Amino acid sequence: MLFFENDYGYGAHPKVLEHLAQTNMEPVSGYGNDKFTASAAEKIKAAADCPDAQVYFLTGGTQTNMVVIDTLLRPYEGVVASSCGHVNTHEAGAIESTGHKVLTVPHKNGKLDADDLREYVQTFYADASHDHMVFPGMVYISHPSEYGTLYTRNELERISAVCREFSMPLFLDGARLGYGLTADTDVTLQDIAKLTDVFYIGGTKCGALCGEAVVFTHGNMPKQFVTMVKRRGAMIAKGRLNALQFDALFTDGLYEKICAPAVKLAIKLRDGLKAKGYRFALESPTNQQFIIVENSRLPELQSKVVYSFIEKYDAEHTVIRLATSWATTEEQVDELLSIL
Amino acid sequence: MLFFENDYGYGAHPKVLEHLAQTNMEPVSGYGNDKFTASAAEKIKAAADCPDAQVYFLTGGTQTNMVVIDTLLRPYEGVVASSCGHVNTHEAGAIESTGHKVLTVPHKNGKLDADDLREYVQTFYADASHDHMVFPGMVYISHPSEYGTLYTRNELERISAVCREFSMPLFLDGARLGYGLTADTDVTLQDIAKLTDVFYIGGTKCGALCGEAVVFTHGNMPKQFVTMVKRRGAMIAKGRLNALQFDALFTDGLYEKICAPAVKLAIKLRDGLKAKGYRFALESPTNQQFIIVENSRLPELQSKVVYSFIEKYDAEHTVIRLATSWATTEEQVDELLSIL
Amino acid sequence: MLFFENDYGYGAHPKVLEHLAQTNMEPVSGYGNDKFTASAAEKIKAAADCPDAQVYFLTGGTQTNMVVIDTLLRPYEGVVASSCGHVNTHEAGAIESTGHKVLTVPHKNGKLDADDLREYVQTFYADASHDHMVFPGMVYISHPSEYGTLYTRNELERISAVCREFSMPLFLDGARLGYGLTADTDVTLQDIAKLTDVFYIGGTKCGALCGEAVVFTHGNMPKQFVTMVKRRGAMIAKGRLNALQFDALFTDGLYEKICAPAVKLAIKLRDGLKAKGYRFALESPTNQQFIIVENSRLPELQSKVVYSFIEKYDAEHTVIRLATSWATTEEQVDELLSIL
Amino acid sequence: MLFFENDYGYGAHPKVLEHLAQTNMEPVSGYGNDKFTASAAEKIKAAADCPDAQVYFLTGGTQTNMVVIDTLLRPYEGVVASSCGHVNTHEAGAIESTGHKVLTVPHKNGKLDADDLREYVQTFYADASHDHMVFPGMVYISHPSEYGTLYTRNELERISAVCREFSMPLFLDGARLGYGLTADTDVTLQDIAKLTDVFYIGGTKCGALCGEAVVFTHGNMPKQFVTMVKRRGAMIAKGRLNALQFDALFTDGLYEKICAPAVKLAIKLRDGLKAKGYRFALESPTNQQFIIVENSRLPELQSKVVYSFIEKYDAEHTVIRLATSWATTEEQVDELLSIL
């Protein structure tokens, strides 16, 4: 059975496991007050070229979005996101559970558009009754987006400029950042560190068992952040677990080294399917491909491949997602192409 | 340097790591919909002899307390706990962050007393203005308690009886359950499953890297529990991580096998220190020992042993905690005894 | 200066004030446990022909929406509303402050469409990942809507049918219900009581100083509702204040008697303006009229009339709102027509 | 039937009602943007001699406590109160509903002691694990206290000094402030304005139908306070209602003029009962008297007087509360004395 269901189906990259095993019997203090956490943070700051940054390791993506947004917003503010933003659609109301509204702008190709953002904010402040409304307090974007698309550097710069004009911190959700950085893109990790106020580097989907590294890019971690993390049940006693995985992933460029092949294989898959006449729900340059399949093909496919159902396309077609990961092999892609 | 600071300073028990490594390249679905999760749940249900139970794996203790309490309480209810209950003192207000009050009863030797509990509830309902007060909606106890003490079976039965009389679910926090079950006690895992409505088996402090297994003992998991877990950012994509660790811990009785020596060593330490004339803040039968040390001894001690500061005892003395764990060796305890 | 800014600019209808004054020195118990509250509730139940209903008096509209929605939803649920629903736009995130998401469907002429609602809910349940999404737990509609429009009985019946099919309580916000019931409509108070699960009768905008009467139409007031009201700071000590005003408004049909002339005057204004060639943002049959005015006319208008700015229509025009109320006189409308 | 149940059993003082009636047909803008609100605020600032203060009118006491505390605390902070503080006992968890813990210190004669407060805060900061605990973020006191007792100026000064030392805003709940200011006391309204950061002047229990005036004493109203008030459902459309009542109460010293007789009558009652040999639960200098009555006397008493049951004193006695108010007459007190 071929596995293309998602990019979190396997365990951890072997080097990550190895690092956990090698350090296993070395006792350290808990809650992130340990040398592994310090080491991983330093490596990330070096990789992103942001020496004034503060790095904190959390366990999962929804948790990270919830904690970051909750700690940055004031009580009367909400977070602006594209309508397809993960925080708006698939986090079971985690943001609202902290008392904040997700303010949405229709997405364009999975992304938030800088002009739409500016218009949203200007309209808000122009409204005579905006004191009775939720203030746009920060901006959330995903890179890659929920549809696998990527912002260009120019797009990020323009969003960043709107955010700074209206004093709204910009938060970038990098759950799949590894697959974004290694795609055909002009956006680097350093660009992201420069253009955002906070972002996270996804571990869970990029080679770790769990873990996301939150980077406050310019010494702007909220006061008593650790207490607020604890308050949301998001602090783990063995802080080493999340940190050690990033320590391995940011040694010798492992993070990008293991994501790059996944993207390459996804592009091979995409181009191969295009050659066979398949249509795509949208053009994705990263490790997730959204293809349109005839319903009649699905039963056979299901018997050979694990994939994700996305949505009905029309009466006869369905959109499915095929995802590669650091664990995908070229043989698997070839076999999938031969099946499809 | 000897490490007696806590029971979460090392990584995972080698058999746990081994199980993670052996299953690493086997792809499975995410979010707990996998065979490892199913297997671990079955083993726990068998060990606790509660075939109708539902098991869910979370990542940390505060998170588990927060999720369980939040999902069991109605909006107008609070949770009753002893004044030293972890949810009342050291979770940074996690329970309150979900909108619920922690209702406290003074502790006795670290424990909640059944008669005090009954009186609290009876006084509440007798109060003419109780509609303006927070209703006692459930009861929280820790076993072992925050001070390492243990409930007897009779004490648990009496608390359970009060809970059932007033229709309050009883929740037992078993962050260190392994060290409780293997101490000198008449309380078994099966007793706990019978007498409580929900409890959790601590993994983080008993051999795992992370993970706590929540057991709803009689098919009473709240409706849409998974959505509420997700809403609190408490669901991890690789559900296998928590589950596989419990799958290892509940194979061939590993959980108790690795905790029993830790308790035995703690008792050796306790008795050895008693013989040397040390006094204890209280009598603990489990892996945490709270000893009273002259302040003048601390500088030397600090140079040789990592321990936890608990509180000032008086002008000349300090209470410190020494904790053993599955990773502690008899040599370490002997060396500690020779130092003290 | 003519006052057409809104329908809450004056104090209370004289008969309401009179009732407050006449009962002023009669002492009663607090928090709604008084004979005035009982009397007002009975009158409302009789007027709405719903003998099994439970009536509770709150102070303001946003408060009422917040309390009703918060107490009806389960933690994993949100409220479905039209995109222009007051709870979505102008309540400063009150619903989100209770931890719940507002799930929106684009409005049609200010209203929620039954087919759109059905499709929203069906799409939700058809989504394979809906356990990670906010469940549609109840439905909110305003009657009259935020744009002054009205549901027909058939439209309400169809919405009600969808709600019952999917077990979602239907909540009708009647902040301006008096102006809705007395417009050209086939919807009666009894219809509303039959077709909804809970609704509120607006007092603040229909003759009272403050106060909204929440009606749980079939004995379905949530358990310990009073405690949850208190918990939200929404209970007033002198429960008599809200209740006495409704007691007056529901004596001899005062509520509709004082709202009917306001609607009649609004229609006179509308038709008069139409005759003068004015255009309207939409067709409203109730006491709020949304007219399109040339920007060049505004300075003079502002010097003679207090109105509400709604939004820019285009570069040369603005949408303004003119509202009548129980306090508006025919002379004022005539004078306004002569000015415009 | 004599009414001594509480101080909110009657309507409003006649001059308050009269002011509402006289201004009734004057239209003004809503939500507090009106001249009545401005006028009342100015009168209060003059009376309290705090020209830089900001005044906001809310509707009830629990609402006021909830809004003030929620808007002043940061997410990781709680409010320190005495164990008998209203926010801790009789507000149905309103503070917790906003996500904050009430941190308690045992009360002394109904009051918070400055030394106890200092010790609480010092112990907190001395705790090595205080990052895992709820920070003491502000201090709440009631004056008069829940038991009718009063702080001396010196006691307030000492509490204020601790608050300033640890940068915790001091909030004084003045639900019954009128009865406190007119008792035998050395504390004036100006003292309170000087020594606290925010306080409220109770209207509901001191002559108004509803309404509490929040005073931020030195320009320290939180940013976007109005939006946060709206977000909690605490803003009323007819802001005039609360404001006009205070406008009347702060004209010609009405507030104190009508509370002083109530206190005088309470003292007459107290001294009269003492002369008859009655014992008191504690010594109260204000309008609430807590007396110990033999249970055998209660049936007859109930047939002639409405009072409040407080608690069982012992097997044969009960503590009841007798409260006077601005509406109490000397004849009523004399009659009550003759009955008791």
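Think of it as A, B, C and D in the order they're written, each chain with its own count starting at 1.
As a working rule, a contact is a pair of C-beta atoms (placed from the backbone, for glycine too) under 8 Å apart; a residue touches a chain by one contact, two chains touch by 3 or more.
Composition by chain, UniProt nomenclature: A, B, C, D = Low specificity L-threonine aldolase.
Just so it is clear, the structure is predicted and the values come from calculations on it, not from any experiment.
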- Message: Hop distance check: chain A to chain C, minimum number of steps through touching chains?
- Response: 1
- Message: Please identify the chain with the largest separation between its CA centroid and the CA centroid of chain C.
- Response: B
- Message: As a quick test, compute the distance in whole Å between the mean CA positions of chain B and chain D.
- Response: 42
- Task: Return the distance between the CA-based centres of chain B and chain C, expressed in whole Å.
- Result: 50
- Note on the structure: In whole angstrom, the CA-centroid distance of chain A from chain B equals 33
- Quick one: which residues in chain A touch 2 or more of the other chains? 75-76, 91-93, 97, 99, 131-133, 227-228, 230-231
- Query: Can you list the residues on chain A that touch chain B in the complex?
  - Reply: 3, 5-6, 8-12, 14, 17, 20-21, 23-30, 59-67, 91-94, 97, 204-205, 209-210, 227-228, 230-238, 240-241, 306, 327
- Contact set on chain B toward chain C in their complex: 31, 70-71, 74-76, 99, 131-133, 135, 223-224, 226-228, 230-231
- If you look only at chain B, which of its residues touch chain D in the complex? 75-76, 78, 89-93, 96-102, 127-129, 131-134, 308-309, 311
